[in-house]
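Below are two complexes that have chain A in common, paired first with chain B and then with chain C.
== the complex of A and B ==
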């Protein structure tokens, strides 16, 4: 066998896999950005009408739009100019607000990022935690976890939102119902209910998948052997069960967290948060296409990058993935 | 190998019924909930005891009183009537998404897996790339371009879900493709479309049914969310998502019933869909083993 073995080979395979993922990422972003750009031409009427949302424009503004979008050039050239601008952080101008889309996005991006991050922490800590505990201990706790998660997995974020507002904001008055808040402590208080609403269904799904993965791994022969040899429980749980169950857990956690990026819009609207998603909805309602394009581009990029990070995490968790083997 | 690899002789309705019976009590209960919701979707407006769209501001936020079991909403319309009428858009929207994306995804999956080799590689990596667009985001983009409304949202979600269906089914088709009966039919000179339509697709039908059911739940949640955001079904048309958003202010003012009952309708149907989908999926997996 002339093949190098061990770490050198693993490292090389890892890089090769990473390069392939990166190529898919770039292709995904190109196609997504093309769809976002082409939306302008799918709109009824001409692009100028689409950009202005049907509002009448003075000739000066039309000239500015022509210049910016190179409307006289061929379609693909226009796309290239648009993409080049976007890559340089220039996402156009909101017709409705007469302001730079990039500036508008920058002022709102942290609300969305904070919300998604807060929800992700809740999902990882509670979802994975609950899944591991109920997977390790069959019995009453496990059964009730199964029933509760079956119900909560079916509760959409906006339904969770109204239930949480009713219970914790109106009845118990523990948390505020609406708004961003100012200052760190106030921010955390204002973001708690939205983050829980956003995490709710995903938490249940992550808990269920984690539980199933932990259960499958605990039934395996090597775990039984380790237990019968008297290896301490803690060691068996972490090194033999959780480590092997990590792949399905990472998959489902990654997929659900990535999907939160889009669902955040719903939660932001329900709680009156001043985030990207709420702004996207508002722009879609007023047909402010430049803003819709800009925010869509940012959100799709975030979505694709999170998915890439999960893929990379696989190879760290389970070398078999990089070596081309099938993860279990 | 428990199942006979050739398409079963029973009629399609008979097979569907047998499939359902095997899902057990939870599956049957879920199917009953769905049947009730479907019934309401078809004749809900006729069942509604009052006009779901007739406002009477003098009765706004009035709680349950005789004849009006769930009280009135923010414009003084009968909540129960609006829930019944709202079943229509809430159920038909996801049904349309399923009717577009499941056949579409199946077609892509069968084509990719049947051709194998280079075409499969191209289609599969294409699917990976298409995965970049979350359904809700595509629907918001569509609403901005084509205007708010159910049709744009349905088309956008169908486009977003189709690659998902194709990716899930491709593996199953690939496995079925390598079964000896397919090779036997090919040797006999049966045309590829005939083998796929008469034998291969019917044999993975249980899996497709499970996928369609699970997808219905996703579509229902996403469409309700889009209507909640004001970009799907337009008021005053009754819809469960719309009812939550238009009555949300009632939560803060002490009249939570209209928003809560609309939310409960969505949750109950989605639970039923999820339970049934999960059972059908497990069953399809067991049968393939």
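== the complex of A and C ==
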């Protein structure tokens, strides 16, 4: 074979790619941190209100706390305090909890990572699988897949969460209603309903896009030719249909999984999981700025990494795609 | 105790018009109870929910339901609030050799979790921390009549007052009077009361771990200083569950075994019918009020405040928002707060009119005042059902009497800013709030609202007659006379409406059917509530 394989090209281009991606990541982090800081600064309300727990604070206390957290200083000074510390590896401390942000993030990151991973597996296996099967086999299964996915795509995660809790936790008692659980088996039991709730709408979208891509490829000339030449079905399906449909499927799956990181917040609240998403929402609302910044950095990084993985996958799937470029 | 319980119960029952027999003391739902039958069996572990995560275990900052629930489980104050609201000795007994001197004598054998005895130095240190302006605690104002706090012997602390203050005992039975270990707190410095620093207290349950997002874990203190208390639960985890759906599902499936739902009562009716849990209703010290933020706008007119109060559908709030777990008000303070001078309070309360709806009269008041068509701006949040429900009821009431209504809706977290940030509440005439004082004394809340400079007197409300009655009450030693003065201030406030009382919520306790023993009144906020918690016989 004269043409290098995807993996071979990947090896040659990987240093340039990673350098470029790293630069993009750092730029994204800087811009995101500034924009988020500015938005929180401009939002009304005072971070120390969270310390009042819902009862009034004496003005003296508010003054002391404002000073402790530099809340009376100008915007750029406050941002500089944060950036300077962050560059030295110190993400600051939470105003509400007076605890290091890195500690707070570390204690939650695996919840969100596990939840998103679990949901991703469900989406890839069920979504892509269902899409391929219904794309290849028009008929009753295909029609019912279309109807079911049309409905489930419209169900937001929080509604799915409540329905799942009601049915599988409260009525049937198959799964626990809330909490993380301890130990692997217990973790999986506790994470099943949240992961399904999280995957529910996305799964439908991935299934529909996969089905459409598979259907388009099946109708293409070279596939018809291959079929008419009597090439075995299995070979036609994997080599000609799925392989070519893989690019749009990868795109939609990548976008979907990246967005799960954000949607996870809703599911974490509904199931009482101590994840990053729920914590981000809570911290943003109470303007616990160091926490918001810290979690945002993690999420932006995760988003960039997922996109990088998708790009790498493109080159593997289709040797004509240059790394870092966009597919056809 | 049984007598006190029966008295408090009879008082509340008569005040609320609910009928109940003494046997109903531990029966669920109908009839208020101050405590539940003591547990008899050991239990390995209990998960207890609060409406959000605990954010601080430092008594100088402990300010909301979750913090109070966790703190009162583990830490103890100089004096203690009994379930019926009366004061008992806590870590110390108190005497008053003169009207301006209070002497606290530590009870024999009191010691911290680490075995060190509690000394007068620990007490002085704990109180000084509360007062310290540099630490910015929330209770400094409580000590405004205090001249000095001195350790007068190894087990004795003397507080000298500038003028008599008979409210201080009550405050020292709450968060302001919690005693922490000096050497431990000094070592932890600013980390004291945080997840990293931990705490060192004296209670029957001691802090084992605190992981934000997971919960505060307390374990049985096998060496508790009071030999008559035998904690029965191996481990109690206090877990923040902000979603009411998750909370309800958790209670129904046994993932959560207990909860004082406070503002999370919208599924109470459903829980009452659950086979997994039992709902107890106890006297509450909380008032659900329409907090007047500004007297410069339309609420500056007493006629408008009265009209709004008259037009409010309070029974609707009780039925829909509280699922029945609240009472119609007569005063600003909840009748559950009558922790002393009970017969005096009871009589005064019974002779005060119940605040009920009369839209015709309300409309007339607004028309006479010439305020028809003016705008009422209400601060609210759609994320907390209680506040959303209250705001909706006020919107309906205001529109019924010819006012225009603007709702300023913010996030649940931002809602707190209405209380703490004058800039945030600028332009808002009022907002609903669940408010409570620090003890079973109506004056505890009322004084914050009506006294000039009071912590929750947001726009300089001042009524000389109310101020005089409360000032005098604070300096009056005799509990019955003090109750009479406070009653006078409450009656006047119910006419002047510095705030508009909406309803008086009961304390709801939702408990797994296998458990019994927690305190059922609002005393749980300030005094150990799980010392008798255990398996039901």
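Note that the second predicted complex is superposed on the first by the 244 of 328 C-alpha atoms of A that agree within 3 Å, B and C clash if a C-alpha of one lies under 4 Å from a C-alpha of the other, contacts with A are read in each partner's own complex, and residues count from 1 in each chain.
Definition applied: a residue touches a chain if its C-beta (ideal position, glycine included) is under 8 Å from a C-beta of that chain, and two chains touch if they have at least 3 such contacts.
Note that the coordinates shown come from a computational prediction; the quantities given were computed from them, not determined experimentally.
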Just chain B (first), just chain C (second), both, or neither: which does A:113 touch?
neither
So, A:65: does it touch chain B (first), chain C (second), both, or neither?
second
Touch test for A:163: chain B only (first), chain C only (second), both, or neither?
first
Taking the superposition as given, does A:312 touch the first partner, chain B, the second, chain C, both, or neither?
neither
Which partner does A:124 reach: the first (chain B), the second (chain C), both, or neither?
neither
State whether A:292 touches chain B only (first), chain C only (second), both chains, or neither.
first
First, second, both or neither for A:56, with chain B first and chain C second:
second
Is A:103 touching the first partner chain B, the second partner chain C, both, or neither of them?
second
Give one of first, second, both or neither to describe whether A:133 is in contact with chain B, with chain C, with both, or with none.
neither
Once the complexes are superposed, what residues of chain A are shared between the chain B interface and the chain C interface?
44, 50, 162, 165-166, 169-170, 177, 269-270, 285, 287
Could you please specify the touching residues of chain C with respect to chain A in the complex?
52, 55-56, 61-67, 133-138, 140-141, 190-191, 193-196, 211-214, 239, 241-243, 245-246, 249-250, 252-253, 255-256, 410-414, 416-417, 419-421, 423-424, 434-435, 448, 455-456
Per the touch rule, the chain B residues reaching chain A in their complex are 125, 128-138, 140-141, 143-148, 217, 221, 224-225, 228-231, 241, 244-245, 248, 251-252, 254, 256, 259-260, 263, 266-267, 270-271, 273-275
Within their complex, chain A touches chain C through residues 44-46, 48-58, 60-65, 68, 96-100, 103-104, 107-108, 111, 161-162, 165-166, 169-170, 173, 176-180, 269-272, 274-275, 279, 282, 285-287
Chain A contacts chain B in the complex at 24, 27-29, 31-32, 35-36, 39-40, 42-44, 50, 150-151, 153-159, 162-163, 165-166, 169-170, 177, 258-259, 261-263, 265-266, 269-270, 280-281, 283-285, 287-289, 292, 296, 299-300, 303-304, 307
